[in-house]
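Consider the two complexes below, in which subunit A is the common component and subunit B and subunit C are the respective partners.
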Partner chain A sequence: METTKVNAELQSQDSTSSPSGLKILWREIVRDKIALISLIFLVLISSFVFGISIILDQDEIVTVDLFAIHEPPGDEFILGTDYGGRDVFGQLIIGTRNSLAIGILVTLIAGFVGILVGLLSGYFGGHVDNALMRLVDFFMVLPTLLMVIVFVTIVPDYSIWAFSLIMAAFLWMGVARLIRSKALAERELDYVQASKTLGSSNLKIMLTQVLPNLTSIIIVTMTLQLAANIGIESGLSFLGFGFPESTPSLGTLISYARNPQTLEFRWWIWVPAAVLILLLMLAVNNVGQALKRATDARQRRG
Partner chain B sequence: MWKFIVRRLFVTFPQILLLSIIVFLMAEMMPGDALTGLIDPNIDPAAIEAQRERLGLNDPWHIKYADWVSGLVQGDLGQSFRFKMPVSDLVGQRLLNTFWLSVATLIFTYAIALPLGIISGRWNDTWGDRLITGYTYVGFAAPLFITALVMLWVFGFQLGWFPTGGSVAPGLEPGSWDYFVSKVQHLLLPAFSMAVITTVSTVQYLRSEIIDTKQKDFIITARAKGAPESRVYNRHIFRNSLVPIAAFFGYEITGLIGGSIFVENIYGYPGMGQLFLDSVLLRDFSVVTVVVLIFGIAAILGALISDILLSIIDPRIRIK
Partner chain C sequence: MAFLDVKDLKVHFPIKGGILQRTVGHVKAVDGVSLSIEEGKTYGLVGESGSGKTTTGRAIIGLNKVTSGEITFEGKDLSVSQKQSKEVRRDIQMIFQDPYSSLNPKKRVIDIVAEPIRNYEKLSKLEVKKRVQELMEQVGLSPESILKYPHEFSGGQRQRIGVARALALKPKLIIADEPVSALDVSVQAQVLNFMKDIQKDLGLTYLFISHDLGIIKHMCDDIGIMYKGRYVEEGTRDEIFNNPQHIYTKRLVAAIPDIDPKKRKAHQQFRQEVKEEYDKSYNDYFDHDGLAYKLQNISGTHKVALPQKG
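And then the complex of A and B:
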């Protein structure tokens, strides 16, 4: 009687003294001032661009106005206009929204596929693992950027969704490898064996027991992936293989700088977008790095 | 070790084979074929059909694939739909340009990475280290195309130190000294802007490797034996940390391929990346196919070289 009570007490103490994975992540961000500032910056800028773009009319901003070509920044246009007389500031807001949205979308799709493949591969091991990892190896061999560009040009009906799917199709392998290695370690642990002995189905163990234990790792990789994906998307848009001009992204604005005249004399078109991409990627990376530290107890600051 | 190399080669060939199949299937999905650009639209469709049959364009895909591969092996890369000339002629000079760009980039990469990595690893948590770590932090996040644009803007246009486009000044005799100098001048800025970004991971690796090695037992032993600090670093720590870096250069090729597309586009440097983008825009898919294949094989061979070098350095890798 006594001992069970003590045990129960110990257990309840245990659960209060060792915080959950999400709490650890949160604590690490709060302790790391740069990460906290980055997170606040990200929240502010995304609520700003998503909020204001409800009022802002995308079609109106991307409408060509031949009487206002290459206006420098002034009263009418805060950041001047581009070669089509379109307001750069408005495009900047919409571009940030589009870049963020597509970055998140691609990260989610690629993350979903990566987690699925990684979890199946790591949890079952053996032949399943072998087969899936050969698939991953195969995708790793392909020159990603070139493949995305080629598929973007040959896909019949091109849309934002098609673009995200193409990008995701070549970017899920990293997540899959990471999740696999973690799941491989996880399946050797006693709780999995215990659960199996009790007759839980594999599906249940994977989804309700192994997956929750991988949450913090997943959050970390997805955050770091998000930064990378924003960079890749803006790079593709810069080359002209991302969004069409009617749906500007930050990369679209920078691509106007491929015109030497714009690069040299019309800084207001491309510099703000370049700075914004840099800030966004730095901020997402800062948060990601802080989260990454949090998953490794030796590196934690908090 | 030979066993490892042979085994590694057994992985490489299927990789190249798979790559070629994927590239081929991709080419099949692309609109247009070898006849598209060649024919006069007024020719009788039945004659075109006969010609297609004769050229084997109506064969099932595996026979076409076999034909294509046997052509490739014999050096026949096909015809450009647009320029009506053999793809190999289009590729030749550009491949060389990209090769030199990559070599220059690698030289810059290591020229930046070694001193910075060593300084920041040896004197970690000093001001110098913090500065370098800050640089790697920003460099890790900064997309290459923005860096390259800013470099072009600052050094090419504002300061005017470097030419802003092309691979050589016009009107120079190939083979002359001036020609060579002009080539190098055109290389420096693109290669440097690529290296500023690609070097970041090497600096980070070198730093953590040196810091790690510093705490190993054999370093304590060396110090206990009274070895002077310079000897401890040069003989014991750097040797252990630098060798893997040298072996990584094959993996760098993957990064160089992506980088060359952006950098060549921004600097108007006539290389493979530029050729790729131009051909995609012109829908010249026979060229696209060849470029993807060459880049893909380069990446596979790069990984092969690095794996073999690493296995020579570190016997633990030769498992299984």
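And then the complex of A and C:
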């Protein structure tokens, strides 16, 4: 009896595959309580924010109401109003949505360009690599903040998309370099050589053979980048180069604190936004750190 | 016209140096190798590490750029660009040395084995699956395991998957680059005998690259011995193992261990003698760069890089 049981167990172990990359990532998050809490917090916040903002009317919230200037938090306005009599709570929700959307968009666009350039560069090597890496170097030495400010001022149609594209144009280089280094190592492996002898085109090998082997590293960098990118938008808005007041974001809310009166006496305008952005960045970063650990077997907890 | 003909193949890798990355020299990995293989035979390429045997194989299949020389396969020139020769190349496949890195860890077996089929033949999903299952059966693996990932197999099984992939297009020539040197000795024989079996069944021609003389003796009909990118001796199995002419070959053959403990003393002494001869006549057999001379025919099939007089 005993032996058959053991045998059955062994067999079931054989038939279940050892965990794939995504499973390892997931297990690491579950094991790390802080990361798990962060992930739950993120999911709740974003579903809440994206959900509520569908029913909220942005135009109504940003409409100036002179009879309700600087109302403290109360029954009518949960988080009070700003100097234009606009509901801070509504702005906070729409602002969080905008900030999150920008962070995600910037990460995705920059990630896409970075992966493309890195993959081409690493896979082909040689002259292609040289040319693309010099392009990366060129973008790296540009004073990013200055360039973004210039572009932001000259772009006429200033939407979330335009802002994200401008930001992404200066943020793809890190991903490109990372992917390049991984692709360089990957292309030397025999399975890539084998694919060549089997008649696969370079494009096919890049996308279907090499890219799947880079997924975990891509997920990790993109998550960590997301944490940084949410903050970047707020920083620019705070400096006054973000969105106008008609498009609230966490940054615009915080920038009200430049007024000393607001900073000292009307905390309800900027404290919630500041706390929220801190929590968001921390949460994304926690998840990212857990994912990063998962890619290194020696640091794994799960 | 031979089945596969390689004439004066040269593969040189540039050495870049200096600030401007100019070419300051060349590594002559393969320096004037000629060989021809008859259909259905196994040709063994032997040499120490870095002798250029793998580079020769990779150049034939198109993984390394040919510096100069001619490669003809069934009368068709292979040294043209990859695109033009795509159809010719489906008849030449390769078995890789390392069964661990030659299979993509993120792909299921069915996708690995079906890759060449999908590239060259338009088959429906069901037909592809059937073909892969047949191939798996052919290489002695269970057809149900096509949905597994490579890491779920042992080294020997993985090498069989590599063989199944190489067989998928029903090639005529298979270049086997040290197909068993990454495997356990117990598994080596299994894979080798299996390769011999399918050779008989499918009428395959092998170019067998190895540094293990025992395996070469077991597998090959004709043998070429390489040293520093050049041939030192070429001949049939019999000629190489029983009548080696070049001192390098002599030493190689002498180095094959003898398992009979009674002959141990004699064998050791024989090896010592060969070593002395090697040391003594090294300068005769190799030029001042330590390279072998041109091959000279000493019989119809036997060629040796004999010392050049004068």
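The rule we apply is simple: the second predicted complex is superposed on the first by the 284 of 302 C-alpha atoms of A that agree within 3 Å, B and C clash if a C-alpha of one lies under 4 Å from a C-alpha of the other, contacts with A are read in each partner's own complex, and residues count from 1 in each chain.
Operating definition for what follows: contacts are C-beta pairs under 8 Å (C-beta built on N, C-alpha and C of every residue); 3 or more make two chains touch, one makes a residue touch a chain.
These figures come from a predicted structure and were not determined experimentally.
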{"item": "Three-chain arrangement built on subunit A, subunit B and subunit C clash or fit", "value": "fit"}
{"item": "Of subunit C and subunit B, partner touching more subunit A residues", "value": "B"}
{"item": "Which of subunit B and subunit C A:Gly199 touches, first, second, both or neither", "value": "second"}
{"item": "From subunit A, separation angle of subunit B and subunit C (C-alpha centres, steps of 10 degrees)", "value": "100"}
{"item": "Contacts of A:Ile254 with subunit B and subunit C, given as first, second, both or neither", "value": "first"}
{"item": "First, second, both or neither for A:Phe238, with subunit B first and subunit C second", "value": "first"}
{"item": "Which superposed partner A:Ile154 touches (first subunit B, second subunit C, both, neither)", "value": "first"}
{"item": "Touched partner set for A:Val141, first subunit B, second subunit C, both or neither", "value": "first"}
{"item": "Which superposed partner A:Tyr191 touches (first subunit B, second subunit C, both, neither)", "value": "second"}
{"item": "Partner chain(s) touched by A:Leu207 [first = subunit B, second = subunit C, both, neither]", "value": "neither"}
{"item": "Least Cα gap, in Å, left between subunit B and subunit C after the two complexes are fitted on chain A", "value": "8"}
{"item": "Touching both subunit C and subunit B, counted on subunit A across the two superposed complexes", "value": "none"}
{"item": "Complex interface listing, subunit A residues touching subunit C", "value": "14, 17-18, 20-21, 189-191, 193-200, 209, 212-213, 215"}
{"item": "In the complex with subunit A, residue positions of subunit B that touch it", "value": "15, 18-19, 22, 26, 29-31, 137-138, 140-146, 149-150, 152-153, 157-158, 164, 254, 257-258, 261-262, 265-266, 276-277, 280-281, 283, 288, 291-292, 295-296, 299-300"}
{"item": "Residues on subunit A engaged by subunit B in the complex (per definition of touch)", "value": "137-138, 141-147, 149-151, 153-154, 227, 231, 234-235, 238-241, 254, 257-258, 260, 263-264, 270, 274, 277-278, 281-282, 285"}
{"item": "List of subunit C residues in touch with subunit A within their complex", "value": "58, 61-63, 86, 89-90, 92-94, 96-98, 101-107, 115-116, 119-120, 148-149, 151-152, 162, 165"}
